[in-house]
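So that you can tell them apart, the chains are marked A, B and C in the order they are listed, and the count of residues begins at 1 in each.
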Amino acid sequence: MKSFLIAVPLLIASTFVQADNTCGKVTIADMNWSSASLIANVDRFILEHGYGCDAELVPGDTMPTGTAMIEKGEPDIAPEMWSNAMKDALDKGVAEKRLRFAGKSLSDGGEEGFWVPQYMVDKDPSLATIEGIIKNAALFTHPEDPERSGFYGCPAGWNCQISSGNLYKALNLEEAGFDLIDPGSGAGLSGSIAKAYERKEAWFGYYWAPTAVLGKYKMVKVDFGSGIDKDEFTSCTSAENCLEPKVTMYPPSLVQTLTTEKFAAASPAVFDYLSKRSFKNSQMNELLAWMEDNQATGDIAMEYYLVNNKDDWMQWVPAEVAAKVEAALDNL
Amino acid sequence: MAESSWLKEFPEMDRVDLLAIRKGLDSAYREFSREYGEVIESFFDPLLTFLVWFEKLLLTTPWWIVIITLTALVYLASRSWKLSLSVVLSFLAIGYFGMWEHTMETLSIITVCTLLAIALGIPIGIVMARSDRARSVITPLLDIMQTMPAFVYLIPVVMLLGIGKIPGVIAVIIYAIPPVIRLTNLGIRLVDSEVMEAATAYGASSTQRLFGVQIPLAMPTIMAGINQTIMMALSMVVIASMIGVKGLGQPVLKSITNQYFTLGLFNGLAIVALAIIFDRVSQAYAKRTQRHM
Amino acid sequence: MPEPLIQIEGLYKLFGKNPKSVMSMVHEGRSKDDILAETGHTLGLKDINLTINKGEIFVIMGLSGSGKSTLIRHFNRLIDPTEGVIRVDNIDVMKLSPKELEEFRRYKMSMVFQRFGLMPHRTVLENVGYGLAVQGQSKAAWTAKATEWLETVGLAGYEAQYPSQLSGGQQQRVGLARALCTDAEILLMDEAFSALDPLIRSEMQDQLIELQGKLHKTIIFITHDLDEALRLGDRIAILKDGEMVQQGTPEDILLNPADDYVEAFVKDVNRARALTVETVMKPPSGRITADTIAEALVQMKALKGNHGYYVNDDGYQGIVTLDALEACSDDGSQQMSADIWQELPAISPDAMLESVIPETLEADYPLPVVDEEGNLKGELSRHNIAEILGGAEKHVEEKI
C-alpha cells in the first residue's frame, strides 16, 4: 500500500503529458470565509500551473456546495469542508460513490473552546484552567454590571450558542458569578476580543479556530480538566434539549477536502496532491491574521503563502510539479 | 501600450499604497482607542448606570403595574380611551406570547435613546437654525449619518466601547437623531417672519424669542421629527442587537440565522406594536397640544 | 409749537453683501439700476430726512417696493441703516447697545403689523399682554392691563380665544391693543389696515382716530392707500423708489402735488372725502355788518355781487340780498331785522367736503363757512366744488 502511494507520483511524472490531458477543466468551491478562500486559491494555482488544469473558482458555502456535489457532481473540489455540518448526507454520498474525501485540510480540525488572552495566563498561569477562572471570577467584570462577571457566549442563533450555553451550565459558571453575554453577532464577539486585547483587559468567552482573531490575538484555550467526551458532546452538549449537561472539552471538528468521485477517479495525481495538502491551525491563524491586517483577498494571500512557505507546499507535490509552480510564481 | 492602458482600465492607486493608507488609519484608530478608550468609556458610565437601572426597573416591576403605568401615560398624553385600550391589549398579547422580557428590554433602551436623541437633537437643530455656517457643516454630517450603513460605524464603536448597551445606544442615536435635528432646524426657520419681527419689536431678548416664540411655533414640525426619530430608533433594534443589545432584536437575529419564520414574525410584530404605540401617542399628544396652530 | 420727537437725517439703506463699500457709488449719484447691475446691491432708501413731531400722525405713503416698510423698520432698528442718523427723543438710536436697544423697544415704541404678527400659540389675552410680559411684569399685572385694552378695542370676552378663532378685523384689534398695552409713546403701524376689507378698514380708521383723540400718541403710519393717508395723516410723506418725493399736510399733497408721480396718485383720490371745507373755500364775497338798512345798502353797493352775509355781534345770521334791501329802502333808518335777511345754513370749516355737497348744490347762494365761534371764515359755492372735484380730470385732459 505504502509503496503504491510512493509509486503514484512517479507514475504521474512519467506520464505527465497524459495527466495533463486527463485533468482538463476543474471547478473549485471558493467558500465565503477567508481560510477556505485561501486554500481554494492555493489549489487553483497549483492545479493550473503544476498540473496544467484549467482550474476555475466558483462561489460556495458548506450546505449548497455539499448538496451540489452530491446531486450534480459539481464543483469538483471543496477544499475546506466542515463535514460535521452535513455529516449524514456526505457519508451517504461517499457510500453511494458520488464523493470521496481526500484528506484533512486542517490537520488539527476545527477547534472550539473557551478562551482567555495569553497576557492573562502569563500573569497567572492558573487562568489556563477552568478552576483558576472560577476562582478569579472577579477579574472578568461584566461590562454592564460591576457586581457580576461576564462570559461571552456564542451569538444568538448560531449552533454554538447551544453548546456554549450547555457548557456554561455544566461548568456552573452562573454560580461562580458569570453572566452569559450574548454578543449578538460574530462581529460583536470578535469586536469584544479586539477591544479587550487592545487595552489588555480581561476577557473570557467562546471562540473557535482557525480564525484571524486567534491569529492576531494570542489566546489560550481554557482546560476544563475533563478531556473530550465525544458521545456526551453529540448527544447532550450540542443538543438544545440537554437537561443535565456534563463538562466536556469540544471535540475537534473534522475539516476535510472533498472531491467528487468522478474527479478523484479521473485525476489521481491531483487527488494525491489534495490528500496531502493540509494546514495546521496555528499556521492558518497566522495566515488569516495576515490577511485581515492586509485586508487581503484569497488570491493575494495565496501568493503570499506560496512565496513564503515553499518548504511547506513543496512536500505536497512531486518535484517536477513543484518546479513548475515555482517558475510560475517567479513570473508573477 | 502602457500609455493607453489607463484608457481601458481605471488608473487606480497602487495596491501597496492603498494598503498603507488602510493600515495607517486602522492603527491610528487602534492607538486612539488604546489611548482614550477608557476615558471615553468612563464618560458614559453614568448613562450606563441609568440604562441598567431603568431596564431592571421595567423587568422587576410586576407586569400589571407596568401595563397600568404605561396605559396611564398613554392616556395622559393622548386623552384617548381607544388608544389606551389598544395599548393594554398589545401588551397583554406580547406577554402571553412570551415576549415580555425582550419587549421590556427594548422599551427601556428605545425610551432612553429617544430621550437622548431629543435632548441632543433639539439644541443642535436650534444652533443649525441660528447659524447658516453651522447648518452648512451639520447638514452633510447628517447625510452621512443617515446613509452610512450601520455596520460601518459599529466596528469602531465596538473597538472603542466594547459590546452592550452603550455602543448600542450610540449606534441607535447616530442613526435616529438626524430627523429631529433636521426638523427642529426647519421648524424654526419656517416660523412666520412677521411673528418673529413682532417679538423683536416688543423688545424680546433672543432667549425670550427662542423659548417664547420660535420653539412653540416650531413644535408641530419638531414633533414630526421626534416621531420620525422614534420610528428609526425602533428600526435599529435588530442591528443594535448585533452588538449585544438585549431585547426583541435577539430573537429576530436568531430567526434570521435559522429561518425560524414564526419566531421572527412574532418578535417583529412586537416591534411593530411598540412602534405604533409610540407613533400614535406622540402624534395624539402633538395634535392635542397644538390645536390652535 | 410742534415739538420734534423723531428725527431722521441722511438715511441710506443698501441691501447686499458689502453695502459699505458701495456707498461711494451712491454718493456719486449713480442710479439705482446702475448700482444693481454693477454690484448686485439694491438701494432701498436714499437720503431720507424726516422730522416727526410729538402727538402727530405721520403717514408714510408709497407703492409696494417704494421702501416704506423698510423705512418704518429703521425707527426701532428691526433693520439697521447703512448710513444715517436716527434720533428719538434726542437719543441716537444707532448708538444703543443690544441691551439698551431691547429696553428702547420695550418702553419707547410699539408696532402693529400688516398681517397682524400675532402669536398663534398664545391666547388673545396673552398676545395683548406680550409686551408687558417681555418687560418682565408679573402675570397679574399684565393680565389686568391687557383686559382693559381688550375692552377698549371692543373685544371684551375674547380673552381666552386664540387668534385663529378671530376674524381679520378682530385680529388687528388685538394687534392694536397689544401695541397700546405697553403705553409706549410711539406707535409704528406698518400697513396696519391694508389686509382688511374696506368696510372693516374704515371702521378701524375711525377707531384709531377716536383713540388718538384721547391718547395723543405719536403715530407713524405706513400705507399704500392715499385715501387712508389723507384721512389719518396730520402730515404725509410720499416715498418713491426709496426716495422722499414730497412731505406736507394732506392739503399740500392734494392741491400742490410736487411731481407727476404724486399727481398720478392724487388723481384717483376721492377729494370730497379727503378735503375739508376750509381747504377749498373762498374768502367771503360780502359781509354786511350794518345796523340799519341804509348803512347796509351802502355796504352792499361796495360789494361786487348782489348779496352779502349778515353778521352782527351774535355772529352770522343769514344772507341779505340787494333786492330785499331795496324793497325796504323807503325807511333807511329802519334797523336790520330777521325779516330782511333770509336764513341760509352755514357750514363748518372742518367739515369734509363730501358732507356738504348736497347742501351746497341745493342752495341758491354760496354757503357761508362759519366756525364754532360764529365767525364768518369764507364761502363755498357750487362752482368751487365743481372745480375741486373736476380738477383731477382737468389735469388729465391737459396731459392728453
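As a working rule, a contact is a pair of C-beta atoms (placed from the backbone, for glycine too) under 8 Å apart; a residue touches a chain by one contact, two chains touch by 3 or more.
This one's a predicted model, so the numbers in the text were calculated from it and none came from an experiment.
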Subunit B reached from subunit A - shortest hop count over touching chains: 1
Identity of the most central chain, Cα criterion: B
Of all other chains, the one whose Cα centre sits farthest from subunit B: C
Length of the line joining the C-alpha centres of subunit A and subunit B, rounded to whole Å: 39
Whole-Å separation of chain centres (CA-atom averages), subunit B against subunit C: 59
Distance from the mean Cα position of subunit C to that of subunit A, given in whole angstrom: 97
Footprint of subunit B on subunit A - complex, ascending: 143-145, 155-158, 181-185, 187-189, 191-192, 194-196, 198-199, 293-295
Residues of subunit C touching subunit B in the complex: 73, 76, 78, 102-107, 109-111, 113-121, 130-131, 134-135, 162-165, 178, 182, 188
Residue ranges of subunit B in contact with subunit C within the complex: 192, 194-195, 197-205, 208, 212-213, 216-217, 219, 290, 292-293
Touching residues on subunit B, where the partner in the complex is subunit A: 19, 22-23, 30, 33-34, 37-38, 48, 51-52, 151, 154-155, 158-165, 241-246, 249-251, 253-258
